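Listed below are the structures to be examined.
Okay, so subunit A shows up in both of these, paired with subunit B first and subunit C after.
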Partner chain A sequence: MQVTFKVYRKDPEKDGKPGRSNYTLELAEDATVLDALLKIRDESDSTLAFRGCCGRGYCGECMMRVNGSARLACTAKVPDYIKKGPEISLDPLRNVPVIKDLVFDWDAFMWNKIKEVKPWLETEGSPVNGENLIADAAMQDLRKVMSCFYCGMCDEGCTVLPVDFDFLGPAALTKAYRFAFDPRNKDSREQVKIVEKPKGIWDCVHCYEADEHCPRGIEPTKRIVALRDRAFNSGITHEAVARHHASFAASVKESGWLDEGRLAVESEGLTNVKGLMKLLPTAAKALARGKAPIPYMHSKRPDADKIKKIFEKAEQEEK
Partner chain B sequence: MKYAFYPGCVSRGGCPELYPSAVKVADKLGIELDELKSVGCTGAGVLPQNITDPINARTFAKAEQLGLPIMTICSTCTGVMAQANYRLKDDPNYRAKINREYLADEGLEYKGTTEVKHLLWVLFEDYGIERLQSLIQRPLKGLKVSPFYGCYLRRPPEAITPTKELNRRKAYLDELIGILGAEMADISGKGKCCGFPILSANEENSLAMVAKHTGESKEKGADFMVTPCPLCHLNLDGNQSRAEAQTGKEIDLPILHLPQFVGLALGFNPNEMNLKRHIVSTTDVESKVSMMS
Partner chain C sequence: MPNLTTDVLIVGAGGAGMYAAIAAARKGASVLLLDKSLVGRGGATVMAQMTVAAAIGQQEPDDWTIHFEDTLKAGRGLCNEELSALLCEEGPKRILEMEQWGTRWARENGHIKQEMAPGHSRRRCCYVDFLNTGPAVAATLRRKVGEISEIRRISNVTIIEIVTKDGRALGAVGLNVLDGEVVTFQAKAVILAAGGLTKLYARNSASANMGGEAYALALWAGAELVDMEFVQFFPIGHLAPRLVGMDPIMWDPFRYKLGGKLLNGQFEEFVDRYGGTDFGQYTATRDLASYAILKEAEAGRGSPHGGAYLDFRHIPENQLRAAFGPVIDRLLLNGIDLTKTPVEVGPMAHYHMGGVRVNNHMETRINGLYAAGEAVGGANGANRLSGNAITEAFVFGERAGSSAAEAAQHLHVDWEPKLAAAAFERLNALRSRQSSDGVRPVALQAELQNLMWENAGPFRTGAKLAAALARIQQMQRDDLPNVTVTDETVYNLDLLDWCELRAMLTTAETVVRSALARNESRGAHQREDFPDSNESMLKNQVVELRKGEIVSHWTAPVQLHPGGKSHG
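For the complex of A and B:
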């Protein structure tokens, strides 16, 4: 079969401006995108830079965008794409610093962020014969998470990274979960505290895009939600988030539902004049249109006492 | 056709225009609503699951007693409840534990039969599009509309799109725009997050998301955006001027709630749908709509 690849190019040693090269080549019927790239490099353009290693979807090295969507080049079958048209576009992932052509900066994209979450185990006491043995059953949940092969698909699908590249991202936060939830970890809050800092779990919008993208079914968003729940249950250390969550919880506990006026004011902090002033223009407009909820004026739901009882019991249970 | 109606906090708090519009539209469509009054907040993805699963289980048990499916008018309420419901239905031991520890005191039990549906799903799956079409009095011809779902109405799949057939849910709003006679101004972020959940943790990122979605819609020539989620509305409408200030770009895009959009097509006038209560002015939409009838 004959196929044309339109490949993203950028060479820092030339002008560093992004462009595109077209390559038309003859391929075997079962060729993958990685096969095509190797053929291009061997036969027509030795300057084309890309990464690839295991060739069987295991190492995650050859992650790139094929026709706009992130794929491992070694598992992306060319015939599947040419059904839709004779041309295939290849690009680096979105929002990554590109080094050359399809090679991008994995350190900046993921590894530096993973290093930030303290991705190792610290146990109580010393290991026996160099091992921290644990019952198999206790590792069931983590085994799934440990199958992560750092492909970066979750970060590629993330909603926050395109607006803020410094956000730790689902891959690194999932790594934090892996150690925070390891029963052998001597401080179950260690990683939680790290990822509570700005650009961590509280910057996640929990939109579940990452879960849809992860090829291993690791469900990074659910892991992030678990980290957040643990932070909530053991005392949130991020100041603004702590205020917001405490106000939310207090209003549901006292009245069964949310007092939004109170939430807006208490989230800024009752003594934070600057923060409260910031709310004023919107509040004034809202008031003029008869829609600003007045703080502390909202009524209890019928059965609020029953909801409060459940709330308090659940809190107690977690302690 | 009757539902246990769960209006959510925002439809009477931050977006008080939503609740009365939804009730009027349901009435016109002949959808009977039995409002659940003595139930709690879903937790909105803010409170942890260990607290909200029992509170939501109580809501499901109350609806089960009425023998009615739950209908919401909020993507976030729908999503949070659908996720909790999935856990409770999927794992009978978990459900039994919640029943035993939290609901038994009140003599309640959740058997796992309640369904949770957003009004948007109700229109397509229960009410029927033909029936809706037969009631359209003012096809919204000439209006360009961008859909914005609210991410809770898109994912995760086990709760939101559990079967292949229900994958269609991801396109209901797109379809509805055409059904009501309007033209779609599609945007790339229609299924993404509006930024509301991180407003207190990272306002800059939150407002950047508002600017991105509303700006793209405006560039595509939309008259307004429609959303089934009042939390998205709070951010996209309420904080649009702050997003404009942050990016230094004027946007000025009205955001309509789903029931308002349906209501206009059913023949309600803009005042009856409380359009005046929005932060971003809806004057242009109102005059276009008034010229239609």
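For the complex of A and C:
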């Protein structure tokens, strides 16, 4: 089959501006994208830079975007990408520092963030006979998470990272989950404390793209939600989003409906003068347009007591 | 040129390199951990889907001495017994240490599950489900390395020369592929952990970056290599149909869990014709199975791609799924339905038994120069047992790291910039060459791979080996100095290929010369012109560089002193 590859180019030694090169080549029917890249390099353009190592989908080095979606070049079969025509576009990942062509900075992309969550096991004292004996059942949940091979596809799919590169991202947060929920770990609060800080779990927007991207079905979003629950249950709720959640629930519990004024103030934090000042223009506008009652009063809705009972029952069950 | 200083410099960051880094750091040394690929991703460890052999005795009673006996038996009399004993005795410690660092070995009934593998007399092979052993242990070590602030990781640096002075290693010269700069490293001790040489062969099962650099670097630095003729060919590597996203040697666990029949092109069982008793029992050792498959193919009874069929059709689908769950789905995505069609398998280069000659502290005869993992020669003699490679990476990595760190405490580096000048000049000369009519390094690599597969592969003859040697020498003399590389500095893969090719040629020469001199068949070294073992050749072959020439001598295998162990 004949296929044209339209490959992203960026050469820091020349003008450093992104461009594209087109290569048309003849490939075997069972060829992968990595086969094609190697062939281009061998036969037509030895200046093309890309990574590739194990060639079998294990090391993750050849991650790139194939027709726009993150894939490992060594496991992407060419016929799967030419159904709409014999052209394939190849690009580096979207939000990472590109070194040259398809080669980008892996440490900045993922490893530095994973390291931030302290992804290592610290057990209580020395284990008996050198082993931390626990029931197999206790590890069932973690087994899937532990099959992560650091490919980084979840971070590539993430919709927060494009607007805020400092967000820890699903890969690091899932790694935090893996240790926070490992029963062998002596202090599961360690990782929770790290990820509840700004740019951590509260910045996730639950778009579920990470889950869609993960090739091992690890469901990073579910893990992030679990970390949030763990944070709440351990009383670690001082981030704005956490306070937002807490205030939301408290308001409904007490009055039966949402007290928006209280939500805004409590989310910012009662001692956060700067944050509260930011609310003033919005409050003034709301007042001017008759969107807020004067004087500001939040009353209970009818049968609010019944709603409170639902809350109390749920809280009881959770315990 | 940038100059970095450290106590311990580690070349290669696979399983052995990472373990060495951790061990050296916990002895208080500062560590520089280098890889020409990405740290913790390149190399063979991450590819190991299989098992790790260690006599932890959780599945059934076992002892390291039994593992040791099995290892010696497989090694056909050529094991360095001190190294084999170290591997077997310390293996269990390393397995449990990895568990504490977070590796979750597969378990049943509250203990680590251990499976049988060929050549082992006990069920002692640990693994991580499903076919995830290598990625899982690599991830554990990567994280552990990340935890230790004394370890500095540097990816994309390839080492082109070990710097020595008066029989002592003082550091290294490398090429930073990311910016094209030559970098010098001053170190009190250097550990070669750059893995094996599978890339020398057209058919191979490992990562695309194992070009035998550890051996060439050691040789150039003045160290000795041992047993270079013993390349292990994995008998049932996947040949067809095309398998994407999976390791070609994945069929081994299928065989030890489920059986699976090895059939020739006429769908007959055949391994018993060559002295093995297989019959779906999976007990034939690797060298025997390779031999049987290739002989059958040679006799015109092979599968279409020159191998044999591996057939699981007699095994019910629910059994396949119970044992390999998600792997069965990944096979189906590749169009392989094991209940309906057999796959084609055949030998491919998998591992190197030979390597850098070291003592039981992993030190070469060059002071301060160490080796670890597959780079080390001798522990497995003429043939390696299944499951010993990752154990070796852990054990030798730990030993090399702690030995190097201890030695570093008493050493200081008498560095002179001129020591690195030769390597620097060599690279500059290459880069300044503007001719565009020369051959590209990658083309020569491909030629060498085919040459080695055809002439120094699973079955060798004196004539074929001599032809290979002649062509290798010609490539070194005429082709290597005249290659063409692009003139870019940032991420110039041609330069990386050239560095690799230079090492590949030196390593290939040691393999071919050693194979040529061993006029017998033993273990993984099979000479068709000398089909039998010769008791007078029950010796190890040691090679070294003398005045630029590779020379060899024979030596009696290292034996443990009767009644006691000499390592410790």
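In this text, the second predicted complex is superposed on the first by the 264 of 319 C-alpha atoms of A that agree within 3 Å, B and C clash if a C-alpha of one lies under 4 Å from a C-alpha of the other, contacts with A are read in each partner's own complex, and residues count from 1 in each chain.
The working rule: a contact is a pair of C-beta atoms (placed from the backbone, for glycine too) under 8 Å apart; a residue touches a chain by one contact, two chains touch by 3 or more.
Model, not experiment: these values are computed from the prediction.
Of the two partner chains placed by superposition, A:D305 touches none, neither subunit B nor subunit C. Judged by the touch definition given at the top, the superposed model places A:W257 against subunit B, while subunit C stays out of reach. Of the two partner chains placed by the overlay, only subunit B lies in contact with A:H206; subunit C stays clear of it. When the two complexes are overlaid on their common chain A, residue A:A135 makes contact with subunit C while staying clear of subunit B. After overlaying the two complexes on the shared chain, residue contacts for A:V225 are found with subunit B alone; subunit C is out of touch.
Of the two partner chains, subunit B is the only one that A:V241 touches; subunit C does not reach it. Looking at the shared chain after the overlay, A:D80 reaches neither subunit B nor subunit C. Of the two partner chains placed by the overlay, only subunit C lies in contact with A:G55; subunit B stays clear of it. After overlaying the two complexes on the shared chain, residue contacts for A:D187 are found with neither subunit B nor subunit C.
Taken together, the two complexes place no residue of subunit A in contact with both subunit B and subunit C.
On the subunit A side of its complex with subunit B, the touching residues are 159-160, 163-164, 167, 198-199, 202-209, 211-212, 219, 221-222, 225, 228-229, 232-233, 238, 240-241, 243-245, 248-249, 252, 256-261, 267, 281-282, 285-286, 289-291, 293, 298, 301-303, 306-307, 309-311, 313-315, 317-318. Within the complex formed with subunit A, the subunit B residues making contact are 9-10, 13-17, 37-41, 43-51, 54-55, 58, 101-102, 105-106, 151, 154-157, 192-193, 195, 197-198, 200-202, 204-205, 208-209, 212, 238-239, 241-242, 276-279. Against subunit C, in their complex, subunit A makes its touches with residues 11-13, 30, 32, 41-42, 46-47, 49, 51-61, 72, 74-75, 77, 99-101, 103, 106-107, 111, 114-115, 118-121, 123, 127, 129-133, 135-136, 139, 142-143, 146-150, 179, 182. Every residue of subunit C that touches subunit A in the complex is listed here, in rising order: 37-38, 41-42, 46-47, 93, 96-97, 99-102, 104, 107-108, 110, 112, 129, 132, 134-136, 139, 142-144, 146-147, 155, 178, 207-209, 241-242, 244-248, 440, 442-443, 446, 485-486, 488-491, 493-494.
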